[in-house]
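Read from first to last, the chains carry the letters A, B and C; within each, the first residue is number 1.
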Amino acid sequence: MEKILDVKNLEINFHTQSGTVHAVRGVDFYLNKGETLAIVGESGSGKSVTAQAIMKLLPTPPAEIVKGQIILDGEDIVPMTDKQMQNVRGNKVSMIFQDPMTSLNPTMKIGFQIAELIMKNQKVTKQEARVNTIKLLKMVGIPNPAERYGQYPHQFSGGMRQRVMIAIALAAKPKLLIADEPTTALDVTIQAQILELMKNLKQTLETSIIFITHDLGVVANMADRVAVMYAGQIIETGTVDEIFYDPRHPYTWGLLSSMPSLDYRGAELHAIPGSPPDLTMPPKGDGFAPRSSYAMQIDLEEEPPVFQVSETHFVKSWLLHPNAPKVDPPKAVLLRKRTLPGTFEKPVLVGGEI
Amino acid sequence: MPEKLLEVKHLKKYFNQGKPDMVKAIDDVTFDIYQGETLGLVGESGCGKSTTGRTIIRLYEATDGQVLYRGQDIHKIKSKKALKELNKKIQMIFQDPYASLNPRMKVADIIAEGIDIHGIAKSNKERMDRVYELLETVGLNREHANRFPHEFSGGQRQRIGIARALAVNPEFIIADEPISALDVSIQAQVVNLLKRLQKEHGLTYLFIAHDLSMVKYISDRIGVMYFGKLVELAPSDELYKNPMHPYTRSLLSSIPLPDPDAERNRKRIRYDPKSHQYMEEDQLKMREVRPGHFVYCSEKEFNQYQQNIE
Amino acid sequence: MATHTPDQGKFVFVSHNLEQAEKIEKKSIGFWGEAWYRFRQNKLAIFGIVLLLIIIGFAIFAPMFSQYNYAKNDLMNTNQPPSSQHWFGTDDLGRDVFVRNWIGARISITIGVVAALIDIVIGVIWGGIAGLKGGKTDEILMRIADILYGIPNLLVVILLMVVFSSDKGSDLLTMIIAMSITGWINMARIVRGQVIQLKNQEFVLASRTLGAGFNRILFKHLIPNTMGPILVTLTLTIPTAIFTEAFLSFLGLGLTPPLASWGTMANEGLPAMEYYPWRLFPPAIFICITMFAFNVIGDGLRDALDPRTRK
């Protein structure tokens, strides 16, 4: 498997008037070519900051990449200058956001916005760019693309705009597409269409995708692998089956048992109490401990190491330590639990690498 | 048989009536809400569910139709005194935790606004006691009373909004997408709080949302809206097990489940309004296909649905 | 990374304190505290405040500690250039220019501030009612404002002055009223715009569902949330008022002597500019400095209070 992205030990701080926010506190993950990795987390988990860091879109100041490497297609982009990044963005990696309106110029016709990008990136004539644009619009499922070429963003519905944004992002055929909550603001039926579109495009264009979301249904639908983020760290990562059918971290358990699904037959939703921690004063031990019903004394004192549960499954929790008591996850998680092939007999300590 | 608390009869709300850009936000909607139940109202953007909630509480004036609260037509009330009484009985919780609290007001004043308007507290001490009581009821600390909204997280702000609504001891609460803007793990907190409050205070809820899974969890019955019309109304489990209207079936089939195996096998059903092939003479109305299960359809479709059950 | 094996005793469960989970660690700062913090960072704005404080300081104390009286004539010492006795020299009636300059400061700034305050009050109430009531009320109120706005400002002011003044000049009150006549319209428009934007926000809707009446909504919810633009406009209206007063004085419609504002001083100093420049420059320069100070303070306020860049 070839790695298209390798993030090592990433730490990012934000300098604000209320102090320094340690938004990303040592994050490691990778993406193989052709894979979809879902990054799951809530506000304040650091998922969006991480995504924007991969595009180097964070304004520095107030943001600061304190340490770490982001190796994209073989090159570390952390030390790159903005000029160097201009060649990377759009060509190697591109991003789509939750709100398409912020990426579209409301005073320019849609077709022109895309064609302009193509002309810049591929040095083709205006005519060729127009033809390619119409092809792109067709590819993302916009009906009457030739007509729509001459329309303005406000004439498109939310779902259509999202399609346009996907078209723009894929115009230069990047190897990596980062999608930051692209369907969160969309209706369910439109969301389903956009997800289907993304899956199709991934196949035709062989793009790898990082999909950021907090919707576990979308994760189950789209992802090959999942990374769960909390308080600026990745606390569990594994294949999509491992995360849903054999999760090991109390936060993942909390997420899975606090979401009702249509077939949910449980009596009460297990809400995770409290709120995520304030990252201007990063927690000393396990960031999730204050809200976890499985917290141990050591969680309050020392940051947990990383344990490996299978070739692809890593967990950052003291609960996997041989000295830790055996615990059962909540009922909602147990109902779906199965032992997957490839699971080690005992978790193996691997330290800081996840 | 619990009594009917709210009766919505042929409610219509049209915006820009008579102009070319007229919008029929609510187009002849009828349903009842019984004392003590939670009625869920779902649909996608533009279906009119939020407008319905706001028209019921009279933030908007109805274009036509009636909203009866305990038999009294809300939109016909003229006296300020009577309106104030109604304000105490029906309350609302809003969607946006950032826009639903006045950023310049202290939390204590926000929560106590209803108390202040209706003169419920006789002294400052009584007022503050009630505020502290409400804060604790919603799971916040007393010391939060002196802080400002921007110091709180989304979930905490929603709880402040709930405390504000509870301050006047309402009977009926309309929750307009109260959890849509919240993080996943926080949604469960707020929903559990609402359920607990319902039990403790005997509240009746109209729960408006677009997340069908959450609505199904909290509601006794669910109404599905599509472009200003109510297309299906049934008990929650029944709606999920036997959806009949093609839009409902399309909606249910589009929802991704947090289960990879299920997702690999899920087949989405698309909805095409033209598939009904309605004729001019078709009479479209809500018909009871099964006990308590209503579907908006023509006579022909009604017969079809009944046959499908057998 | 753990390279040691922690003590077995550490692997015991702890119960979590839920109240702790809801605790807010940061101190409560409040809206104005944060705004002040941001304002402090703007060096130019702070410079403006320092300038203003210096000028106000002089305006208050300089005449008090001076041996000279602003109105006293000294016909033996007319048109003296600046010296150790008269730091800014004397004018054509032998009066000390330095003292007159600071009396002028008092009057010009007072006129500017009071006129601006009157504008604010009228403008806020006018715009607030128009914005909140909407419909016909809004139309009528704003049409009136538009018509008034269309009448040349200066014409109205001059007419007023002519009607209410004697040929020696006008008194302070007349000046102030004249200044405020059309300045409120701008404020009204700004407040109306803000109110229209805010009145559909959920916190206002919530207030309505709780039974709040018109007054409560306007004065407790809408106007406090408009304080930002109101304050900024106030700060930027003052220099306009100061300048307008100076201009009117220039036209000879200024205050009755021996009252001096910077404007009247400039007016008197202009014809003698070639020979006795010290009579013109102090008021002229200080008008500029004061206007500059208010402008940068206003800009600084605008940046500090902009809700969009706040968290």
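Going forward, a residue touches a chain if its C-beta (ideal position, glycine included) is under 8 Å from a C-beta of that chain, and two chains touch if they have at least 3 such contacts.
All of these numbers come straight from a predicted model, not from anything done at the bench.
Asker: Hey, how would you classify the chain contact layout here, line, ring, star, complete or other?
Answerer: If you draw each chain as a dot and join those that touch, every dot ends up joined to every other.
Asker: Which chains are joined by the largest number of contacting C-beta pairs?
Answerer: A-B
Asker: Please work out the Cα centroid separation of subunit B and subunit C, and write it as a whole number of Å.
Answerer: 47
Asker: Just how far, in Å, is the C-alpha centre of subunit B from the one of subunit A?
Answerer: 32
Asker: Of all the residues in subunit C, which ones touch at least 2 other chains?
Answerer: Within subunit C, the residues that touch at least two other chains are 18, 22, 26.
Asker: List, in ascending order, every residue of subunit A touching at least 2 other chains.
Answerer: 273, 275
Asker: Name the residues of subunit B that each touch 2 or more other chains.
Answerer: 156
Asker: Within the complex, which stretch of subunit A touches subunit C?
Answerer: Interface residues on the subunit A side: 17-18, 273-275, 278, 280-281, 289-302, 304-305, 318, 321, 323-325, 349, 351-352.
Asker: For the complex, which residues does subunit B have touching subunit C?
Answerer: Residues of subunit B touching subunit C: 54, 57, 59, 83-84, 87-88, 90-92, 94-96, 99-105, 113-114, 117-118, 139-141, 144, 146-148, 150-152, 156, 161, 164, 168.
Asker: Of all residues in subunit B, which touch subunit A in the complex?
Answerer: Counting only subunit B, the residues touching subunit A are 44-45, 153-156, 183-189, 191-192, 195, 210, 212-214, 216-217, 240, 250-252, 254-260, 262-263, 268, 271.
Asker: Enumerate the contact residues on subunit C facing subunit B in the complex.
Answerer: 18-19, 22-24, 26, 28, 30-31, 201-203, 205-213, 216, 220-221, 224-225, 227, 307, 310-311
Asker: Under the touch definition given earlier, write down the residues of subunit C that touch subunit A in their complex.
Answerer: It is residues 1-2, 5-6, 8-14, 16, 18, 20-22, 25-26, 34, 37-38 of subunit C that touch subunit A.
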